[in-house]
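In the two complexes below, chain A is the common chain; its partner is chain B in one and chain C in the other.
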Partner chain A sequence: MLVFAASDKGGTGRSVTSANVAFRRALAGDDVAYVDFDFGSPTAAAVFDVPEAMGGVESGGLHTYLRGKAAEPVRVDVWAETEHEVLRDRPTGAGNLVLLPGDRSGGEFAVGKDVLRRCTDLFLRLNSEFDIVVVDLSAGRSFAMDMALEVTSLPELRGVGSRWLVYHRWTRQHVIAASGLVFGSRGILAGGVARGHDEEDLANRIRFVRAAVPDPEAAPWAMVPPAQSAWMRKCDQDLNELAAQRNVGYTRMLGSIPLEPVLQWREQLITDEDVLSSRVANMETLQALKDLAQALDDDEAWGPA
Partner chain B sequence: MQIKPRQHLLEVWQAISRHSFTDGEWEWGRTGGLSSVADAERLLCLMYPATEIPAFRLDEPDTTERDVQTALKNAGGRLEIPAKIVGILADFMRTHTTDDKRPSFSGGHYFSPRDPEHVLTEEQRALGVVDSFSMSITLSLATLGFLKVYETKTRRGEIRALIDELRAATETRLTAAMVSMLRSFSVNVFDPEEPQGRTLCKLLGQGQASDRVVLQQFQRRFRSLRSIIGDSLVLGVDVADRLRDENQLFECGWSWSLVKDAPLVETTADIGPQPDGIARSVPYLYFTVVALDGIQDLFSDRTLTLGLLNAEQQRLADALRLRWEITQQYWSGIARFGDGAWPLEDIPWRTTGQRQESEYFSLSVAAILVQDLVRRRATDDDLTRTVAVMERLAERARVTSRMTLRDGAVQLHSPGIKLPLQGSDAAGPPMMWTMGDFSAQLLKRTIQLCALSRNPSSHDRLLRLAEDIFDHVWRRRIREGEGTGLWDNPGALYPDTTMGDARLTWSTTERVTECMVAARGLYIQPPIRSAELASLASALLSEATHLLGSEQLEPTSHQEGSRGTTLTGVEVKLRRAREIIDRQPGTAAALTLEILGELDTLALARQTASRGV
Partner chain C sequence: MTAWGRAADPVLICGEVRTGLLQHSESLPARAVADLLRLRPDERVRISERPNGYAVSPEVLTGVDCRLPAAGGARTRVVGTVAARAVVTEGRMLQATASIVVAGPGPDVRHPWSHYLARPGVVEPLGKLPERAVADGLLAGRARPGELDLGAVAERLLARVARHRALDQRAPFKSRRTRLRWVALRALDGEGPSLDSFTLAEDGLRTVELRLPARVSPAAAAALCEDLALHDWLLTTLVRMVERSRLGSADAPEAVLSLRPAVDHLLHLWMPTAHVDRTLAPLWDVLEREPGFTRQWQTLVQRIRDQLALQAITLRRDALTAH
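Let's look at the complex of A and B:
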């Protein structure tokens, strides 16, 4: 299954959350590929702690492949290459976890016919080889996104399940932006329909993920002075209403990740050790990530609301 | 005990979801399907708050509040709840439809034989009852409003099909309930010499005026009402003739079921055959109050703004509204009849039709009066007298006082007041109706009256009374076994008496949720503004403004310094106090007092310094 991770703005925690989700699925035994289509600023390698691919590989990455300069893009086996001490011992029962990095000096580029063909080939190959293929797209409307919409509309990929996760932070501007990215006049839906997607079908393949959500009822926000707490709860209610109006409400939400210092400051994978032994991360965050990872192929969560 | 509508209602909802949902599936249980009244009451426990209180809405899964969702977690997740409700409502509509496709309003096990030896016939149990007509109106309107919002939120095919089926069934049920309500209305005319007439004269005269004087007063007071009834309602020839005779007394209201020989109501809607009536054409106080409560929902703001009625229903609603107005005016007039003591103040009330005496009937009359007061924006005097009646009822029913040995008030709570249903013997042994919800009704009317009163002293009296009654009601919840956390367990309060065991009673439970909805109405209106506080606050404010002005004549401090910060804080508070002084003079005064204290600290410091030189 192809999972496209999109967001309207940078800094929404798209890459770090997607990487965590990929990691969770691999731990659960699935073979997972993480394709870094964030051509502007490849960050996935940093999250997985793979030094060779930090900021993209020197050559032979996704750019090189799509331009036709290489027959295969470079693959990095995360379990083997990572410097993260916990990750280095691949847990028994875990599936493959492979990163496909971009090139260091890649940047965005125009989508031509050949590029589309290579991209289609790549997706088909990855899909037959892996259970879950996470494709991390650049923020906003990008060439990468157009390419993803174009490719998934082709007859070759009709049989391949594809799903879209749209990340946004829990603020007014982010909610509005995320809604615009999907439903706006130049949004994913409009772009998809222009490329031959069925509108309702595509809409059912898109879900929102809230990232860095402060929960006013949980620590530490429940401990702030009463006035601040009252203010936060009211804001939270207002945001929920706004989200509902903009079609970004619970009905279309797949997961909600709490505000978590480990994700916010270090942008790293959250391991069970972080929660259970060193306790730098919160249990709720781990649970939210697990739930989200599980929801990826939970058909009930993706059925019409 | 302080009434916290949101928290208490959530507790009730949680208890309901624990009781009614097993593994996320709704269970009708043993009594489900037996009585349309009980089932409607049970559903209204959820639907009524869900339609009346924005925070409790269930039709918009995106904005369902977290505490509400937690309370209902037994029922399922945020998205499942509305879909399940649609299923349950559709199930209700299907169950309470007869074989000939006619909505059924059966009283079922709420009817009991007057003689415990007898067994009621099937035909009798299937008889419609005004309680069910009224509940059906409220439930149908709640359902239609719910569907109106929810159908735009769901895209699931099977649910949409169910929604269409449910909407059709609900509209039919609503029309049928309104038609039945029209056919249960009764005007009873009697001679002052008949036993009924004598009872009424005694009631109205209060032992002060002779029957002849009372009759004269009655003629004068109800002359216009008499002619409105004669002119605008379709009555039997016999009744119409006698009503024109000014020497006859009359009363109007609702009987317990369709009145015998009630003419068919012509309607274009397809509601199946209209059954023959059986009830004697005599108004019952209890059923009149029930009917008035239901009819009221037909012309609420919500019904109008959401456009829930179609043209045919609107026509029926207008006919009902006329009867609603007439009945309310009539009973409000009877309750306050004469110049001296009100007949209502003579507790217990004696009914004319069934010639029974009970506090329950006093409460029923008070209930109509309260509604009438709410509508007319009553005078303070009327209100104060009604407050006293409420207090005495609570006292007499041993809600706010101790139960004595072999106390007669036990009857009110358990098993409840029994009403003979006149005319029911045409289909089998005579039947009766039991009313065991006195405390909950008393609470509801007290809260309604409290919301109406804008006079601090009577408001305060009513609030305290409401809290006392609520304390009593809350302690009557079932503690263990089936229906834990719901009602009714009268034995919990009066352990020494021979009260019945705890038994889940949907009628009481439903009344309590209504009370909570009414109690919310109490707190969403602005607090009563006290004139004394307002003048005190404005005097304080003027002093504070002056002192701040003089403080600002001193050399300017650096903005970030502590004196600068204090002065900025003072200005902000002063602005806030001025802003709210009209609405909340008490809060404004409190803010101003803080300002005065802070300013004085500075002034005192300077004074101390100058003394040192």
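Let's look at the complex of A and C:
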């Protein structure tokens, strides 16, 4: 299954959350590929702690492949190449976890017919090999997003399942922006329909993920003076109303990741050790990531909203 | 069929095979396979049904003018065409091979293209050809920019077939492709064919070194290597499936069920040398002794069948006690 990770704005935790979801699925025994289509600023290697691919690879990455300068893009076996001390010991029963990095000086580029064909071949190949293929797209409307919409509309890919995750932070501006990215006149749905997707079918394959969501009832927010606490509860309630109005409400939400100090400080994978032994990360975060990972192919969470 | 005797003075044949599962929910019927492999309108797809379903596409040619990779950094420029073909076995396995016949010392200047086009699948060097260094260079690592990359040619052909609309892309299980790179030097006069090495390198790459008498055609060499690659893929894939299933662990019914795709789609594909030239078939015996391909395959298959039988007995007993 192809899982496209999109967001309207940067800083939504799209890459770091998607990487954590990929990591969770691999731990559960799936073969997972993480494709870094964030052509402007490839960050996935930093999250997976793979130094050679940091900020993209020197050459032979996805840009080189899509431009036709390499027959296959470079792959990084995360379990083998990571410097992360916990990840280096691949757990028994874990599936493959492979990163396909972009090129360091790649940038965005125009999508021609040849690029589309190569992207089609890439998606078909990865789908034949991996249970889950996470494709991390740049923030906002990008060439990568257009390419993803175009390729998934082709008859060659009709047998390949694809789903979209749209990340946003839990603020007014982010909720409005995420709604615009999906339902706006230049949004994913309109772009998809223009390329031959069925509107209803595509809408059923798009879900929102809230990231860095503060919980007014949990620490440290529950400790604040009553006036602040009341204000926060009101904000949360208003946001829920706004989200519902803008079609970003509960029925279209696949997951909600709590505000996590570890992720605020550093884009990284949250391991069980971070929660259970060193206790630097919160149990709620780990559980939310596990739930989101599981929801990817839970058919009850998808379909008509 | 290009015999390697057709080139001026052929020195070596080499190629790369890419092997993978055909991405379709069931095995593809012969007629659909023929459509899939019709890569050229002017030539037909060769199909045989005995002893198993087997189809070979017409050859497609790619013109090249580039350096050959060579150990020790020797620079040998060659000009000519790479021949590529796709093969489907039992409507289930897809392979693409790109290969060349390298002719002996050539002229110092390039001929007009018509010269090379008249020799499909042959490349001629400009000047001398250090054959041992080139053989080693071809078998080793990744091609550098400007060097001949047969793997890329095979990959492009495989991708072209794999995106055919007749395929529903719903294969019964996930699997990795493998790459097999091979080089055949000429056997000394009077000597028969020999398999000098078969190695498993990193990242799914296998390398094979052969010595073949002059009478063996490049197509026959390609068919032998495709056969090796096919069975190596089957073995690699089944080993991995059994490992993943955790057969023999506590949750036995689950493990056996997870192997169902192997029973449905793979176990009947094992048939070494089914389409290999009779004179080359003895090369398989080398691999049967060491590492013992069929022995390992049979052991795995037996293990799966034993577990299936045990599960069937357990289920039957449970059903009887339930009454």
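Basically, the second predicted complex is superposed on the first by the 305 of 305 C-alpha atoms of A that agree within 3 Å, B and C clash if a C-alpha of one lies under 4 Å from a C-alpha of the other, contacts with A are read in each partner's own complex, and residues count from 1 in each chain.
Assume a contact is a pair of C-beta atoms (placed from the backbone, for glycine too) under 8 Å apart; a residue touches a chain by one contact, two chains touch by 3 or more.
The structure presented is a predicted model; accordingly, all values stated were derived computationally and were not measured.
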Legend entry - Superposed partners chain B and chain C on chain A - clash or fit: fit
Inset, instruction - Answer with first, second, both or neither: which of chain B and chain C does A:R88 touch in the superposed model? - result: neither
Inset, instruction - Using the superposed model, determine the angle chain B, chain A, chain C defined by their C-alpha centres, to the nearest 10 degrees. - result: 140
Inset, instruction - Using the touch criterion from the header, give the chain among chain B and chain C with more contacted residues in chain A. - result: C
Inset, instruction - Please indicate which partner A:E217 is in contact with in the superposed arrangement: first for chain B, second for chain C, both, or neither. - result: first
Inset, instruction - Determine, under the contact definition given at the top, whether A:R186 touches first (chain B), second (chain C), both, or neither. - result: neither
Legend entry - Which superposed partner A:N240 touches (first chain B, second chain C, both, neither): first
Inset, instruction - Considering only the touch criterion stated at the top, classify A:L157 as touching first (chain B), second (chain C), both, or neither. - result: second
Inset, instruction - Quick one: classify A:G249 as touching chain B (first), chain C (second), both or neither. - result: first
Inset, instruction - Give, as a whole number of angstrom, the minimum Cα separation of chain B and chain C in the superposed three-chain arrangement. - result: 27
Inset, instruction - Name the residues of chain A shared by its contacts with chain B and its contacts with chain C. - result: none
Inset, instruction - Would you mind writing out the residues of chain A in touch with chain B in their complex? - result: 200, 217, 237, 240-241, 243-244, 249-251, 303-305
Legend entry - Residues of chain C touching chain A in the complex: 20-21, 23, 149, 151-152, 155-156, 159, 162-163, 165, 167-171, 174-177, 244, 246
Legend entry - Residue numbers on chain B that touch chain A, as the complex places them: 60-66, 78-79, 153-157
Legend entry - Footprint of chain C on chain A - complex, ascending: 29, 31, 70-72, 93, 117, 120-121, 124-125, 127-131, 155-160
